[in-house]
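Once you scroll down, you'll see the structures, which are given as structure tokens.
Two complexes are shown next, each including chain A; its partner changes from chain B in the first to chain C in the second.
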Partner chain A sequence: MKFLTTNFLKCSVKSCDISNDSFPLKYNGETCKIEQTPLDTVTTTNPADGSDIDEEYINYEFLLGIIDRLDWNAVLEVAQDLGNTSLPASKPSLTMDGDFNETSADHNTMINNNKALLRDLQILLMQTNIVEGDMKCKNCGHVYYIKNGIPNLLLPPHLA
Partner chain B sequence: MPKYLIFLVQQHFSFRRPELESLCDLFNIKISNLDDIDKNLENPFFIVNDIPNDTVARKLLSRSILCKGIYELYECAEDGSYDTLHKQLSNNKTLHLQIQNNNENKDNSSVNTDFKFDFEFFGGNRKYSAKQKIEIINTFQHLDIKTNINLKTPGTTYTLIEHYLPLTGQTSSPTPHKVYFTRLVSLSRRTGQNVLDKYDLAKRPFRGTTSFEAELSLVTCNIAQINHGKLLYDPFVGTGSFLCAAAEFGALCFGSDIDGRMIRGHTHRTPSNAKPNSSERSLNGKTKKSNDTSKYQTNGIKTNFLYYGYPDQLLDVVTMDFTHNSLRNSLKLDTIICDPPYGIREGIKVLGAKDPAKHERIQTVLRNGQPAYLHRDYIPTKKPYSLDLLLQDILEFASQRLDLGGRLCFWMPVANSNDIETVVPLHSNLELKYSCVQEFNKWSRRLLCYVNRGESYNGPTNDISDGSARNEFRKDYFNGFN
Partner chain C sequence: MSRPEDLAPPEVFYNESESSKYTTNTRVQHIQAKMTLRALELLNLEKSSFILDVGCGSGLSGEILSEDNHVWCGMDISPDMLQQGLEREVDGDIMLQDMGQGIPFRAGSFDAAISISAIQWLCNADTSYNDPKQRLMRFFNTLFGCLKKNGKFVAQFYPKDDSQTDQILQASKIAGFSGGLVVDNPESKKNRKYYLVLTSGSGSSDINLQGATMDENNANDLKLQRRLKKNKKLQESSKNFIQRKKELMRKRGRNVAKDSKYTGRKRKYRF
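Let's turn to the complex of A and B:
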């Protein structure tokens, strides 16, 4: 389960919907086993001398699509649960001119202006995985488990 | 503006216009006569007057699955005779200008002015021998093309499209009904990039009984207007067929399913990666059967994403009951695509107990000093649910979670019966955009596409959850539709 997914998941119990405490879930820092997958590299050709350069592969398009949807407070909270307290207190903003357009030059400028930030986000959101562990609803206290990287959000019949 | 001819695929008729229309809308391309596609289903040639240039034409076709290709149309001999075609061509200024332009650029190395002629046929089984082809091509000498012939990498491919009409069911007329003189602009995603082959289920490393076929899953993604960087959610993900198709078009994919087995991929159904272990070979050379399931294990849906080469477009797939949804309410989705369980291959199940009294004990049963239901390996009970209610739930969910203008696409099974009217579920916030039918023998399934218009839309509703118009598909199916 990617770190990003922690930003999507609330408690499944219907009566928790009205509570602000059902999101984000409280991740158990002691049991959660974190794995970081290294960034892939892609080989490109150096236009100057034709030699191969290995470059880190960062899916910029993907990150630009997802950044608006992040609930940053939840990012901070979960990161803290898992032992990372070094994130900035407010959502980093992209320096952006014009609308997002996959082919426009603006789009490329936007990526170039924000390369370091996007790389950090890629590592945090996409390369950080919780492979085993559990998480708890802060409202009702129900515990959900993550096994083999797949969170299980099913409920016993008396909570369904 | 140039005239373009779009060569359509002659199947899935009710999907052709919706697909093109959705792509036009997505890319902001205006085509005023899209209705022509539906006017004569026997005619695979759709002629467009308002595509401004080749770039736009290419963009449109770069996504299309139900088009074969797009051609610039110079002349069409309505009587099917080449004599007429030649006469018309001699007066065609556009073509002559283009040829002249190419002739002048012949020695300009930055422009590929090489050309070839090609043939396309529709209807009938006309085939020309190489000699016959050359004879026909030579009759076009009057066009005065002075550039080089290049069969492998031509800059310009003049395509002669012959359209034959059927005489009876088996035979067609010996002479063409119409002949088009065109220039190939672009093949489609289907023909140019061979995506149907790429997504062929037989070649997919991880698949199951509910996997969705390649062609219509890609078409579904086009009608749902999937695009780069958009967030897709499939609440009944199964083996992830729609996720793969959407990832082909650049989407970020998130899925959930109540049945975690498919997600994990611990399945015996897909031994395609299986290689017999050396330790399993017995002495007489036969492979011993073993109960070792590890060789059948795949990483589930992730395996397919790795296989197709875009592993990071799969966000996550989680085990969850759609009706007890765990996606936070404030998360806006761009698109929802799903093929809900019909009760045939997969049962329609939600969390809960059929007989709650029986399961009351669950709260008190202890296992290792802890309530059993809190145990890591606890598997919750499920109860049956009806398709009508489920569809209603999907619409309600979509109306709350989709961005304005975002699309919901799902498949609904329908028994083909004259005396029962098909009831398509509606929601006051959702505009029913398309209802495309795929016919099977005694039943059909429909792709329903809705657009979220928000509260102010106030569209018609038909709450069918009261059982007044029940979709008894499962019952009908197992009764043989009698």
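Let's turn to the complex of A and C:
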């Protein structure tokens, strides 16, 4: 399960819908096993001499779209559960030059200005996977298990 | 042909052998890919989005989403199907979940959601404590919650009969969705495909309905055809007959040879 998903996943028990504690889930740092996959590479042709260059693949468009929707407090909380306390305390903001609007030229300069930040976000959100472990709802206390990277969110009949 | 929905619950029916059969069958792969592409066309997404795939199975539909640079989360109730997905190393996040128990994501998580050949399973009651009506309501209510404002949901499904379609449409309306049903190839029994196209909120203008036809026109067409049928044999030339049959086959989604100036002509007399 990607780190990104932890920022959206909540408890599926019906009575937890109205509770504020059902998100984010409490990840058990002792049992959780984390794996980080290296960035994918895309091969592009160098326009100068026609040779191949390997570039790191970062999904800029997606990251720019998702950054507004991230709940940074939840990111910090889950990261702390998993043993990472080095994240900045407030959500990093994108640096913009002048008036930003959605034209493609501005879009590209915005990507170029924030390359380092977006790369870090890609590694944190998309390349970090929880492979094994368990997580608990802070409201009802139900424990969900993660095996082979697949969380089991099925509920027993009495909770469904 | 028998419906898998009538045989066993999904987590039982899609066991190890059935899952691998389903995933490796090139015909199934082809059909699933075609339906996913059609669903994406209806969704009309402009840029790379965060998508939920309900009933993702082994990720056949997810692969198409990945190709378009979308990031997706999939849920399915069959562990063996997910195992197939793991072996195929799909890009999205897959999780074991029953859609009738609700979709456990916080409000406004996803840009859009798709579902390919899955939501008809909601109409089944597999255990004594499962009530299809409640499960449908829970599914659509939680789906409405986890889509962002003006989020879109396109679901291809196989209804057993008209009452199932009504049941699903009604549940989605009560949950607050607006939208309706798009039927592809309505004339054909085999190639007819149902797509539920919904938006949360009112803005339905940004859905791409190209290629979809309204039901009313078809009903009128049928009436007209029936009226003409009586005296057809008397009036119709062989060329008209060929063109009418070709048109019918085209409506049924078959590959038909193009019309040309030679269509329906007599062959040259040869000695």
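In the analysis below, the second predicted complex is superposed on the first by the 152 of 160 C-alpha atoms of A that agree within 3 Å, B and C clash if a C-alpha of one lies under 4 Å from a C-alpha of the other, contacts with A are read in each partner's own complex, and residues count from 1 in each chain.
One rule holds in what follows: a contact is a pair of C-beta atoms (placed from the backbone, for glycine too) under 8 Å apart; a residue touches a chain by one contact, two chains touch by 3 or more.
A quick note: this is a predicted structure, and the numbers were derived from the prediction, not measured.
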item	value
Overlay on chain A: chain C relative to chain B, clash or fit	clash
Which superposed partner A:153 touches (first chain B, second chain C, both, neither)	both
Which of chain B and chain C A:23 touches, first, second, both or neither	both
Chain B versus chain C, judged by how many residues of chain A each one touches	B
First, second, both or neither for A:73, with chain B first and chain C second	neither
Chain B versus chain C as contact partner of A:10, first or second or both or neither	both
Touching partner for A:143 - first (chain B), second (chain C), both, neither	first
Identified clashing stretch of chain B versus chain C [261-269, 279-287 or 369-377]	261-269
Interface residues of chain A shared between complexes with chain B and chain C	1-2, 4-5, 8-12, 14, 17, 23, 59, 61-62, 65-66, 69, 71, 126, 148, 150-155, 157, 160
Sites on chain C touched by chain A in the complex	47-50, 69-71, 73, 75, 77, 82, 86, 93-98, 101-106, 108-111, 127, 129, 138, 142, 146, 148
Parts of chain A lying in touch with chain C, wherever the complex brings them together	1-2, 4-5, 8-12, 14, 17, 23, 59, 61-62, 65-66, 69, 71, 126, 148-155, 157, 160
For the chain B and chain A complex, residues of the former touching the latter	228-231, 250, 252, 254, 256, 258, 260, 263-264, 312-313, 315-321, 324-332, 350-353, 356, 359-360, 362-363, 373-374, 376, 378-381
Parts of chain A lying in touch with chain B, wherever the complex brings them together	1-2, 4-5, 7-14, 17, 23-24, 59, 61-62, 64-66, 69, 71, 100, 102, 126, 134, 143, 145, 147-148, 150-158, 160
